[in-house]
């Protein structure tokens, strides 16, 4: 441990402002980068479910291809 | 509920309709709002690279650089400002039906300013900072840009309207318009420079303000007249 | 006498035809040849006004200013470079019939260069003189422009081709293209500055020459590919 | 005396040193439709543009309801119909409403688009529509409430339309005639069946 | 076995999540003309663009004389016909010749313009021509020697043409058929009289 | 392709299948995420609390533990995008396009992070937030290359066209990256002798560089997690009309 107290740890030898800002920003960016695809996925699934429900309610076959190109 | 033409409410509808349309064309998605901002940062980057990265030199150039970026941004979109409308017949409809034509013209110019002058004005403190502009010069620079860029856009609009039907768009247009930009450039730069050397920048700023109000009230008429000519040529 | 496609003579016909057409569009009358020249003089005038009229300062900035003028001129015409062709179906015909598409693309870029880079290169000594550029820097500056401006035009062409069908032409285009211009700007400026301070400018000039030859042989393929995409989107 | 909707007297107009009209008279009453016919380059479009005030180089008098023509008294759909390919059909029509200062609800836009058979295409950029669909967007203007003006000037409105589209548009025209409007239009195709329709030839048959 | 000029098999093509073609077959022999008909938005233009290679998102095979289509074996005149309004008719056509690598004399340009009735308009910027005259410039490409290719694709060629123009163009088409070419074209107007003409409907009749 | 053995070719094709990607990578994510968390946790706590302060910069040097990984990923991300671009243009592999589309915003985010942490770090070290140093300028230009690619993709409506356009731009850009880097380097150092050079970091003792190594690895895994997740989402979006995706949606509903 290179700090003697938690207060000193926060102060970072007078550079606390810069260090903590940097780390805060990093947490924000990393959070964004991790959450963004998940959020998009959730939104897509919700939309798609709604669409399927609508199609089912109409008693129709959902408009999909049956011969999806697959390897 | 057909509004009687010229009633106040229908004037507002006319103005708002044009503005909405033009903003929709400029920014299809909110993410596109970032494009003009990024554009200005790129332009600013060219100067340290092209001229000199030394903080002292940059600080001296900063107001000029920002103003030249403003000219550049105004010029870049200018050719397309009315040309597309002319090509698809939109301009004809505007000239024919808008009563008065003044209003959609003002709306169009406002929209163009919101893509060029406004983002630059808002970014000016940041860009100034990147170029080591003296802190006390930042506010006057910003004010100058806020007052001056509308004039650039309006004068540019006259040029664009005059050349709307012509083959030699780009270069001729720039040639027409750049000399008109010079007074704005000089006033804007000197406001920032005065402030940077500790003097009072209100003189040039007042001149700019006067010019802006004059331009806003008169230039759109010139643009409208030029557009009429452009439509008749078509 | 239908030439078999791909025969040498018909390749030449294809190239010459495109060049002739594009020059006709750029200069309807010989008097229009003066426009680009006048344009550069006006642009150069803005810098003493905007930044500083002192000879010493100007001399230091001169290479950068000329190069930034080159970027500016290249950018200004860029949006219209393929857009009109796309709107009237010319681009479709080009993509469909030109065998290979490479050739008319090169011709188009050459024509654009003759309106932007070439006049600037020819004017460079005069403009340099106006900006008090050291006499020994003038030749390297000119050489740098001669070698570098074709690259600017070609890289700009990639951006123009990629954005040909898009709504957000202007700003996005500038944003795509300006970062790519940076190395050319740096090499060109440093050649002139080295010479201005009595050093040998061949290093950057050789790099520029290498870059130019590489760009001329490869970039038109990228442009052609991008144009194909643009046509398919239409 | 009540005025004719459109009254043209002694029109003389030239273009490129060629006289297109001389001593040209034309009178169009309410509920009348007139088809202009004539070879390519005869001057049909030029005539429509003269009337709309977009080609001021003519001599003679053109009056709409007895007074000089004003843009808000007529509706002009030209070769280039004022539809931006970058905007959706709905946005385009909304702009046309705004341009005329229309203050009512925007619901009329979807009604108009439904009328011309473009349901489901309201929000597609017009660029991505077929040629005929783009024409339909342009002609949807005829179904907007702002189209209730004394005079319609339609320059080849039937271009690119299929048979159903042709029916639609002639239906809109018939409705306007019934509402007391007058219509002046050009087409090289056989004209649709309209009440009160007459034909006027322009230029020597080529 | 000799190949058909155009042979399309199992074409499947969709646009905007809508299937325009499925299991579509089409065969066109030399000296045959086929008119595509169908409602607006049926996919006629899309089909022509698929054939010309300007819409690559399809499945199936399209062959011209037994091999994949190459741009110099066909002539495509679309809605936007590749005529610049800023250039004169002659300049436009000369460029079209150059594009195909034509090395003969330029006299063919004025011959073509004469053929479509544009004598005296050779040097006028196309912008300043009437709509029908502009169409004629575009169609003058059919009268150039570079038009002697196996397949013509014409998208609504008769738009804006007067009766004389219609005759002219169908004359050019008949001549090409006689010369052994094949023609695939669309039009919503009644088709002209052509030898070997058949009609093919696309999309549900609306 | 003709000379490549059949088995390899089949593998290549299978790897190009979005569905294969979706189904295979699903199980990787938790493991990758856990390893990333572990590495970053240890590295960051070590770096922030246990590593000794720098003898010149004091504690502000602790920014290095995020700055360097971010700067590294900023460049690696662009390279990855360009490689995907080549794969897309040459082999027409759709999956490459989906990866490319996902990498762009993630890479841009890390580029932004490198710039932001760097310029925050600059204040205590140089006394100013911004300076036109070579490295910094070239990272800024890299950010614009990213933004350009993202803007282009958004502006083109058809995904196929957007993918190919972005691939062209990414490839042209990647040729430029080393050129930009070297030209800027060379130019700026011409004006500015190495007062503020970021390159000549003093040789660090292991207690300082081991956490850096841990964090670099951790950030890499994090990047991978984000890209994999993003690509999986992209797969669903683009294949939303195929049977397997609809089935998947129904399952999730049940």
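Which chain is which? They are A, B, C, D, E and F, in the order written, and residues in each are numbered from 1.
What we mean here is this: a residue touches a chain if its C-beta (ideal position, glycine included) is under 8 Å from a C-beta of that chain, and two chains touch if they have at least 3 such contacts.
Because the structure is predicted, anything quoted here is derived from the model rather than measured.
*Asks:* Measuring between Cα centroids, what's the chain most distant from subunit D?
*Replies:* Chain centre farthest from subunit D's centre: F.
*Asks:* Name the chain whose C-alpha centroid is most distant from the C-alpha centroid of subunit E.
*Replies:* Result for max centroid distance from subunit E is chain A.
*Asks:* Same or different for subunit D and subunit E, when you check if over half of the residue numbers at their contact belong to both copies?
*Replies:* Answer same: the two copies use largely identical residue numbers here.
*Asks:* Counting C-beta pairs in contact, does B-D beat A-F or the other way around?
*Replies:* A-F
*Asks:* State, to the nearest whole Å, the distance from the C-alpha centre of subunit B to the C-alpha centre of subunit F.
*Replies:* Result: the chain centres lie 37 Å from each other.
*Asks:* Taking the mean of the CA coordinates per chain, how far is subunit A from subunit D in Å?
*Replies:* Roughly 53 Å separates the two chain centres.
*Asks:* Could you please state the distance in Å, as a whole number, between where the Cα atoms of subunit D are centred and where those of subunit E are centred?
*Replies:* Their C-alpha centroids are separated by 29 Å.
*Asks:* So what's the Cα centroid distance for subunit A and subunit C, whole Å?
*Replies:* About 43 Å separates the centre of subunit A from that of subunit C.
*Asks:* Any chance you could list the residues of subunit F touching two or more other chains?
*Replies:* Touching at least two other chains: 141, 144, 147, 151, 155, 157, 184, 187, 241.
*Asks:* At least two partner chains per residue is the criterion; list those residues in subunit E.
*Replies:* Within subunit E, the residues that touch at least two other chains are 17, 79, 86.
*Asks:* Which residues belonging to subunit A are in contact with no fewer than two other chains?
*Replies:* Each of 63 in subunit A touches at least two other chains.
*Asks:* Flag every residue of subunit F that touches subunit A in the complex, lowest number first.
*Replies:* Answer in residue numbers: 13-14, 16-17, 19-20, 44, 48-53, 58-60, 62-63, 66-67, 70, 102, 105-106, 109-110, 112-113, 116-117, 120-121, 123-124, 222-223, 225-226, 229-230, 232-233, 236-237, 239-246, 249-250, 252-253.
*Asks:* In the complex, go through subunit D and note every residue touching subunit B.
*Replies:* Touching subunit B: residues 52-56, 71-72, 74, 76, 78-87, 91, 94-104, 145-146, 148 of subunit D.
*Asks:* Can you list the subunit A residues touching subunit F in their complex?
*Replies:* 1-3, 9, 12-16, 18-19, 21-23, 25-26, 29-30, 32-34, 36-38, 40-41, 44-45, 48-49, 52-53, 62-66, 68, 70-71
*Asks:* How about subunit F: which of its residues touch subunit B in the complex?
*Replies:* Per the stated touch rule, the residues are 128-133, 137, 140-141, 144, 147, 150-151, 154-155, 184, 187-188, 191-192.
*Asks:* Considering only the defined contacts, which subunit D positions touch subunit E in the complex?
*Replies:* Listed in rising order, the residues of subunit D that touch subunit E are 16, 38-42, 45, 79, 117, 124, 128-133, 135-136, 155-156, 159-166, 188-189, 206.
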